[in-house]
Amino acid sequence: MRHTSIFAFALVLGAAGAASAQSWQPPADSARCPSKWGASDDRGAANHMKPETVLRATRLIRTGQTFELGRELSMSMPIQATRTFELHTKRTSPPAGSNRRGSNEEIVLAEIGQVGTQFDTFAHQTIGDTIYNCFTVDEIATRNGFTRGGIEKIGSLITRGVLIDVAALKGVEMLPDSYEITVDDLRQALKRQQMTVQPGDALIVHTGWGKLWGKDNARYMRVNPGLGTAGAEWLVRQDPMLVGMDTAPVNVTPDPDPKLSNPVHQIMLVVNGIFLLESLRLDELAAARAYEFALVVQPLKLVGATGSTVAPTAIR
Amino acid sequence: MRHTSIFAFALVLGAAGAASAQSWQPPADSARCPSKWGASDDRGAANHMKPETVLRATRLIRTGQTFELGRELSMSMPIQATRTFELHTKRTSPPAGSNRRGSNEEIVLAEIGQVGTQFDTFAHQTIGDTIYNCFTVDEIATRNGFTRGGIEKIGSLITRGVLIDVAALKGVEMLPDSYEITVDDLRQALKRQQMTVQPGDALIVHTGWGKLWGKDNARYMRVNPGLGTAGAEWLVRQDPMLVGMDTAPVNVTPDPDPKLSNPVHQIMLVVNGIFLLESLRLDELAAARAYEFALVVQPLKLVGATGSTVAPTAIR
Amino acid sequence: MRHTSIFAFALVLGAAGAASAQSWQPPADSARCPSKWGASDDRGAANHMKPETVLRATRLIRTGQTFELGRELSMSMPIQATRTFELHTKRTSPPAGSNRRGSNEEIVLAEIGQVGTQFDTFAHQTIGDTIYNCFTVDEIATRNGFTRGGIEKIGSLITRGVLIDVAALKGVEMLPDSYEITVDDLRQALKRQQMTVQPGDALIVHTGWGKLWGKDNARYMRVNPGLGTAGAEWLVRQDPMLVGMDTAPVNVTPDPDPKLSNPVHQIMLVVNGIFLLESLRLDELAAARAYEFALVVQPLKLVGATGSTVAPTAIR
Amino acid sequence: MRHTSIFAFALVLGAAGAASAQSWQPPADSARCPSKWGASDDRGAANHMKPETVLRATRLIRTGQTFELGRELSMSMPIQATRTFELHTKRTSPPAGSNRRGSNEEIVLAEIGQVGTQFDTFAHQTIGDTIYNCFTVDEIATRNGFTRGGIEKIGSLITRGVLIDVAALKGVEMLPDSYEITVDDLRQALKRQQMTVQPGDALIVHTGWGKLWGKDNARYMRVNPGLGTAGAEWLVRQDPMLVGMDTAPVNVTPDPDPKLSNPVHQIMLVVNGIFLLESLRLDELAAARAYEFALVVQPLKLVGATGSTVAPTAIR
């Protein structure tokens, strides 16, 4: 995508920005369904994942340097009040055989799709009672997962990743508590990095908020800089495979519009079929100015789950 | 590694084969500790993971074709009797905000390190009361995981993968129930494929046993073809990063020596610091004769855990 | 209650029996709400529990003989396919102090309100979207339990228990697979035992089905003798505190009317505010012909839960 | 038991008190095994439970007044840092049948034997590596519970309960933070209440500490008044069925002897086979001066578990 096309988008955005003087409203079902990927689609922007997408990503690998973008999962990590992560070491059998083989294992109790660094998919979010592609929750929910929009439908994703370092643009280690990242911030950050984005990219926004992880968990979860509806819709127009950030909700918290509850989740997951990668560890990537890389993420194939805890890798 | 060197190993193996007339015995602590990676090492063969290893792998990517090697995780998958996998859809809050945002999630109860397609690391196995590098279980075990040999120490692995298709060598879809894969089988399969192996490779053995997954789970778990001690030790000599297979225990079940309890787990994890990838889905890889590829595996960073359920990818 | 009054009930029943030629239908909300215990009541028939009820029960204690009516909770007990019971021994800390005190404990994962011998309360069942007293599920449900109709509202119950031994009446060890216990069976069994029932009693029906517990779990869960709507409504007219049985659903399975899903649960819990005690162990009680006793049951005070696993005692 | 016999015990106690100038030491295995109830016994003081014990208790019931001694189990109750209690409302199936029957249930994740008001049995505690009757932990532990000393061996207990109100003796609502209850306190409290104790009684000590429950959970768990070794050994000499208290550990916290780790748990459970009832709710009982009552407690029959959450009742 050339700068000229970004400029064209900016014009469109102007209108959107004006519209947000009133509250953002989710589009009517008829305006969002069927999705652009078809009425029975469960994969949304994962449809960008094709051999040529993989090649476009892997051709960026020149040094073999890797960056771990996943957080450690432990009982002391930041976590939403309604979720849990517990790991209990099990007592197992005594060593067996003449070779005295002992075995250890652990039972884990967690919303394993929705803790730590996590990949959100479509069953996770609704507008009213429907998810992406207007499947009704009641029609797709079972006691043990969702028949549509589950994470097992996605598979491993390998695509070009682009870091959009808004913290660096602002010359700060960490954006302020409830800073809303504007469209201009995104555009300026890309310009500063001399990067353009392309359809199917993984767009990873660096806010610096991850510095609080494990240091001040309460603050990490309470507020955060992030996208508002305008920024989110601009990113949507870039046609990415996924949007990632070093915060838990991607949306700025609290949303500047007190009537809205995390509209960015709806814009990405419900309206546009774009995945979210939350609570990424981006410090090393930002420090290395690794603005372009192959991103690999392998969600667990939890049948019918709303997401997966993941440990993504950036390679360049 | 050239064929001549494989031949040289075969000579060594002859002696090992003869030795196995008596039971295989785990080496004394002094013979295995400190490990070749150092006395305080937790990463074993993951030390092979370097930029050049990554480049060696990613240079094999020519078409962008990917193969999903992970199984779906569901309550109807094969599982050991002592383990569980449960996913319960949670009741969550009603839609919130003027944007009527609803949210779904699920609680998962599982030995998430030891179910489905899984990556075993060192805290998982012992000889007597010590793991890899002779750390004592009592000294490293806590209520909530292990202080040494935990999966969070490993990180994402990207290396050259080599499929060793023993089923194809034998001209069968599936090796017989308790067939022990011999050193000769491994060598012949590689020769047939015109492949050699190199230090740091991921060696993936195809038995065809995965055809039973989801079809005859009881049989999948009850017996299986796999490695005996001779085959395992031969693989060790190739100095791989990990050994994978389309069976649950990698070891042939039952072991031909009734006194032994899965010695292959000890040979790999405890004695030699080599990881195991279990219950891989290899049918598509084998059907495509994809003998050489970039293998990417991203274990969850479960602090102190003995392994991780994974969804590895082969790319070529 | 005298026999004459039971006869009077039989006349009423005749009409009910005729009505059941069409399917039983749940009463309209207006016909069942507010409940006879008041519009804001959460305790239903537990309102029978008063000092004089306790005395009426404890005066029956003459020998001090006790009967355990609760089943052992283990991973091999009969359980509904949608529920689980797991107990994992935890690894705990090494012995501490100069007194070398070690500690063991276990983590339990279960629908602990709905496994084993269990006490059902009102949040457990609905007609459409409302429970007892017409509270709407959506209005009372939270992520972590129900604000109305939860088990913590009930407390310990101590009342006169009456065993109604229908198996003995029929001269069998166990009623047939899907035998519907008729009103006449209940009346004849009481007559044979020379017992009358009183408001506030715990009415415990012996079918003999419990002999399958731990012997043929699959059959225990698949079908069972039990109450139909006519028998249930007759029991309701006796104004009991609770109804218990040695089967999992109390309702005969399958219900003779294929259109109905366990109407007895609705009749007791939703329409009439009467508790259910399921999967009781009644063999010793029946063998001892202990037809009248003090029943004590202590549900766990699980805040907002739909029931509790219990270990009730009959004392005489 | 007459006062004279209590006096006799006091003489014995004098010696014990002097001995505690040095640290209390657990008795040698030979001094405590076999237990007085026999070498293969699992029930300890539950052997006191006989028909005459029941009658002795139930004869105290004169008014039918009941007291609930169990705490509500919720996610906001005081809990040890190493334990958890979670209750998640499950999504269940939509209403079924022409009768539109809906069903609710919840999954509970907890050390259900060791949270809230709890009944401790013998597998819970050790001296070194052995429990009550010198069974070795390694010999009795399995992945899923203990083969000896499990709670399923105990059954419902019904016995005379005696409240020993030490807070009332001292004229305080609550004993001070780490107050050690002395033998003299226990004797004086009984004398003040004009009560004597008898073998097989449930001895329930009121400290007032329960006032913090749900009000200041952190303080409730951090320190507490309670028994030291001298008080515990005096209670043992009364030959009770169980000892209960309105604190979590029964032992004073911290123990006055910094080298000791909760010796009262060992004295009761390991050395003498006497059960502990922890975190009782005693405020109403104390306010009513209900010093003598029938105590009923029904531990869940969790096979192989170290204890059970309970909801005991006092009846008088």
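For clarity, chains are labelled A, B, C and D in written order, and residue numbers in each chain start from 1.
Please note the rule applied: contacts are C-beta pairs under 8 Å (C-beta built on N, C-alpha and C of every residue); 3 or more make two chains touch, one makes a residue touch a chain.
Worth saying up front: this structure is predicted, and the values here are computed from it rather than measured.
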Touching both subunit B and subunit C (chains): A, D
Centre-of-Cα separation between subunit D and subunit A, whole angstrom: 50
Centroid spacing, where centroids are CA-atom means, of subunit C and subunit D in whole angstrom: 29
In subunit D, residues with contacts to at least two other chains: 82, 84, 86, 88-92, 107, 109, 141-143
Chain contact topology (line, ring, star, complete or other): complete
Residues of subunit C touching subunit D in the complex: 23-26, 50-55, 58, 61, 63-66, 68, 70-75, 82-84, 86-90, 92, 95-114, 116, 123-129, 131, 137, 141-146, 152, 155-156, 158, 259-263, 265-266, 294, 296-307, 309-313, 315
Subunit B to subunit D touching residues, read off their complex: 82, 88-91, 107, 109, 143
List of subunit A residues in touch with subunit D within their complex: 84, 86, 90-94, 109, 138, 141-143
